[in-house]
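Residue numbering begins at 1 within each chain, and the chains themselves are lettered A, B, C and D in the order written.
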Amino acid sequence: MTVLEFEKPILEIQKKIDEFKKMSMESGMDFNGEIESLEKQANEIKKEMYESLKPSQKLQIARHSERPNFLDYTHMMCENFIELHGDREGADDRAIIGGLATIAGRNVVLIGTQKGKSTKENLEYNFGMPQPQGYRKALRLFKHAEKFKLPIITLIDTPGAYPGITAEQTGQGIAIAVNLREMSKLTVPVIAVITGEGCSGGALGLAVANRVFMLEYAYYTVISPEGCASILWRDAAKAADAADALKITADDLLKYGIIDGKIKEPLGGAHTNPQDMSDRLKNALIGALEELDSYSPDELKAQRYSKFRGMGVFNE
Amino acid sequence: MTIQDWFEKRKEAQIRRREAEKHMEDDGQPSLWTKCIHCENQILKADLEENMMVCPVCEYHYRINATKRIKLLFDNDSFVERFKNIKPTDPLDFVDTEPYKERLEKAHSKTNLDEAVITGTGTIKGHRVAAAIMDFDYMGGSMGSVVGEKVTRIMEEAVKQKIPMIAITSSGGARMQESALSLMQMAKTSCAVGKLDEAGILYINVLTEPTFGGITASFGTLGDIIIAEQGARIGFAGRRVIEQTIRQSLPADFQTAEYLLKYGQVDIISKRSELRDKLADVLSMHGV
Amino acid sequence: MTVLEFEKPILEIQKKIDEFKKMSMESGMDFNGEIESLEKQANEIKKEMYESLKPSQKLQIARHSERPNFLDYTHMMCENFIELHGDREGADDRAIIGGLATIAGRNVVLIGTQKGKSTKENLEYNFGMPQPQGYRKALRLFKHAEKFKLPIITLIDTPGAYPGITAEQTGQGIAIAVNLREMSKLTVPVIAVITGEGCSGGALGLAVANRVFMLEYAYYTVISPEGCASILWRDAAKAADAADALKITADDLLKYGIIDGKIKEPLGGAHTNPQDMSDRLKNALIGALEELDSYSPDELKAQRYSKFRGMGVFNE
Amino acid sequence: MTIQDWFEKRKEAQIRRREAEKHMEDDGQPSLWTKCIHCENQILKADLEENMMVCPVCEYHYRINATKRIKLLFDNDSFVERFKNIKPTDPLDFVDTEPYKERLEKAHSKTNLDEAVITGTGTIKGHRVAAAIMDFDYMGGSMGSVVGEKVTRIMEEAVKQKIPMIAITSSGGARMQESALSLMQMAKTSCAVGKLDEAGILYINVLTEPTFGGITASFGTLGDIIIAEQGARIGFAGRRVIEQTIRQSLPADFQTAEYLLKYGQVDIISKRSELRDKLADVLSMHGV
């Protein structure tokens, strides 16, 4: 497993623990006291460290190559998942996957951006960067959900919509804009979760929801810190500064009312215990579904509209 | 000159452009003449002004500000500004190489505008409409909370008054200094277009040089009718970002109004000189 | 102007007339009697001939290279026409053109298949054979008309939807099917006119209308006579027999209740007098618009539905 | 075997196919064995039957008729046929090399069917549905007035009973012998799907070998969910027509279910053995 730079102190202690264990095995001597104390120490450092991560460190966890992806959650969380392919117009963008899902006995339409873990997978899923056709597939599934009164859940982990030639030719901007508008008209519950990267319009195109959650170390921003740094600081190396300035973490966005909740990750991040993360995510989703059950279709639409209508800070 | 030559020349011209524009503003001693940044012919500034800031030689459409745009499009004195009282603040205490607050002040003193959009109502050849007119000179026409709020308010006004809505865009995209709050303006304005839809209000986009990013991915492309001004550059991602991503160079006409017409994304391309008539025609033909 | 095989007898007489005229000019002698008589004769033969044309001969007129096309009618018929381009998704199929039109003071959405007259034009318009993107552009304009309560007029002259690779890849079948379904839901008046060729699903995809008219020499069929002959007779040369068997003419289809009216062409066919043809077409359209004015939106939808619901002949 | 090889082999096999199928029907002395038209292995006819007419060696899905399809999909004896009384006639007095009337009689005596579709209601793992099941053996599954009427009637029945509608297609397209009347069935059945839509009825397409022309351009592709059986060929225009038009040969996997999945036109590909379960799952997950 990839170890991030700031995780190295913990790795050092872990090595020590392993040495004692080995010695204990080889010599038959009892180092249990030492081991226990070191483990306690490691855990405390870990806790402290993960509670005071800088935005740029959270960013690294959000982008961790072994972070659970959409299909991982689907497999861990759903009793059944039937993928529905394609935009019915010529493409099945693999960067956005969607289908019928049963979660804790409830039927929903589940849609998300999909990232790979290997080079092969990354190519298949285009690094989680959708084309316009992916947004149009999502729109088709939104409308399917609306027709059959199924709640919609979206899981978002994308560095953004793909910036490419055919993406421009086939209307990347229009595709996202249409989703924003059409999501606002839905009368079923819509729940969006930023599970990793939530970058710009490419993320927002699936996130006009009644409830928007973020995993603890996910980030959500109008532009990647690198992009922001290279424009405003004219130096991409200032990405950490930009990450601070942009207020991209779950805590920040909760404070500004951009999101409705933060879903805690296992200590060390989602990738250290995917099943635990999946259970936490599932619980949050079930809770939100139950909460939204008390709304009528018209109320769901009105709640979503007024939520986004109210976004923004200005003087008047 | 073939269309290819034209685009090639235009591309070269873009490099000289900022320089030239700076000169036009900064040379202290105002000259009567200027060199066209596109065809490089010497033209009289008065002729350029007279010709709606379109080069009389090569038809290059210079970017114009919101005030000029209003004068060109609306019937005399018919435009009444609304929501001017909505003014920017700095919710995130954003500082890059310069504090956001200072950037806002500079933009204000440079343009004498309160924000990157002017909203209001007026008549075009007798047709009463609500309108939002963006101004690139104010922080690159970027959309923060104020732009989003003013655009939303004027759309709500269109619904209330049952009059058509026209959005004239010129913007680099989102206002980075407002981060996620800026991103949310895309959702907010798109939701407002949903309300126009449901009320059966005719909504027209006029895309002018340049319209990018968060604007094309929100209210900027949701019009029932999309008109693009001749030669305007319009896209989702910036040219440089795309070139870096795909590691190849792009065709010269990439992301021009004409390119987008070919790829089915705009209804109508209009010369600046014909825009007022075309808008009036489109309004007439919808019986509004 | 191209002269069709069966028109040659008339051409012979016309030549005679021209000779007399020339002689009259050159010699100063008076051949007016002969000329008048020949002209009368020519006119009678012409009338008789055009009243008893075989289906395969009408087919030739329908396909005449100089037959007025969609843009010709648009220019002749409309006080104003603003073309609206594109499907908003990546293409502006030139084989289907549509836009806002004012006809006799009425605002409508006018859509049609477009054929060329030169090789260059034919390539631009793909010989009037639309791609799926063309049908999707038409659908966008149908919905625009519905939103703004504008009547829809379609002019159809197509050898069929294009049979090509990308057409299959991007859903030629689905695109047409969706138009058939969505046209049935419209609550504005829809008038379709087969102005030349009305071949198979490619034509029908614009023709689920309250009123369907055909020009006198147009044809409308499930498959081209050539295609039918090569399948059923296993011999494309039997196209004339197939044209008979398929009952493709306006008179046949009026009899079977497939169309609602026939619009007479100028003697010799639309191409011999485009302005006259355009005037006749315009009159028919104005008449139909006025007639449909008396229907409510719900009635328009119900009338269109029950019209197509009732199509078909079977024993029960 | 690579997928490419598989498709190449399949293409070759299609030429041998009609021959082989003829033999299977016509050899008088019924043999216990048959040669798979796709992999050319000798297989026991009983095994093929047992395996739902899917080759146990290579998984080639043989075309099956409507009666067999009903037996495979529906709960025992649950299927009740409706609208069997609607029967074909010859409205155009159509004669090609043979009168249409005679073709109809032949088709009837060959298949013992009254037309190319069976319509009715039944249950699939307990889920009550309306269904139209096409039969290619009856005049190539072509759609004339009767197919159009029966499909429309059963859709109307689905609306009346508020039960999901499933259309299982296998057809070459329109019934040429009914010309424009056949064409109008495309409009009629698509309009009927519009009524399903408006009533919020779940509509599922199951596309089986082969589904072409007038069926893909009407009710055959308008489903809320589109399932295609593995290996089925599905398209608008026929392969030969396209090759003649574009004057180039087509990829081996062109117009297969797998090709269509890649190009975004079907939701799900199913093996025949899994189809019943998948349909039941889809029905369950819509709460119907």
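What we mean here is this: contacts are C-beta pairs under 8 Å (C-beta built on N, C-alpha and C of every residue); 3 or more make two chains touch, one makes a residue touch a chain.
Owing to the predicted nature of the structure, the values given are computational and were not obtained by experimental measurement.
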Fill in: Pair joined by the larger number of C-beta contacts - A-B, B-C
A-B
Worksheet item: Between chain A and chain B, what is the gap in Å from one C-alpha centre to the other?
Response: 34
Response to the item:
chain B to chain D, mean C-alpha position gap in Å, rounds to 53
Item to complete: List the centre-to-centre spacing of chain A and chain C in whole Å, with centres computed as mean CA coordinates.
Response: 55
Discussion item. Between chain B and chain C, what distance separates the C-alpha centroids? Give it in angstrom.
Written reply: 42
Practice prompt. Send over the residues of chain D in touch with two or more other chains.
Written response: 197, 263-265
Discussion item. Multi-chain contacts only, two chains or more: what residues does chain C have there?
Written reply: 88-90, 169-171, 174
Fill in: Set of all touching chain pairs, with the criterion as stated earlier
A-B, A-C, A-D, B-C, C-D
Item to complete: Over in the complex, which chain C residues touch chain A? Could you list them?
Response: 88-90, 132, 136, 166, 169-171, 174-175
Discussion item. Which residues of chain A touch chain D once you look at their complex with the stated criterion?
Written reply: 80, 82-92, 100-102, 107, 133, 137, 144, 147-148, 150
Discussion item. Could you list, by residue number, the parts of chain A that touch chain B in their complex?
Written reply: 161-165, 167-174, 176-178, 180-182, 184-185, 200-201, 204-205, 207-208, 220-223, 227-228, 231-234, 241-242, 245-248, 253, 256, 258, 305, 308-309, 311-316
Worksheet item: For chain B, which residues count as touching chain C in their complex?
Response: 197, 200, 202, 224-225, 261-268, 278, 281-282, 284-287
Worksheet item: In the complex formed with chain A, which residues of chain B make contact?
Response: 85-89, 91-92, 94-97, 144-146, 148-149, 152, 174, 176, 178-188, 190-195, 197-198, 213-214, 216-222, 235-238, 241-242, 245-246, 250, 254-255, 263-265
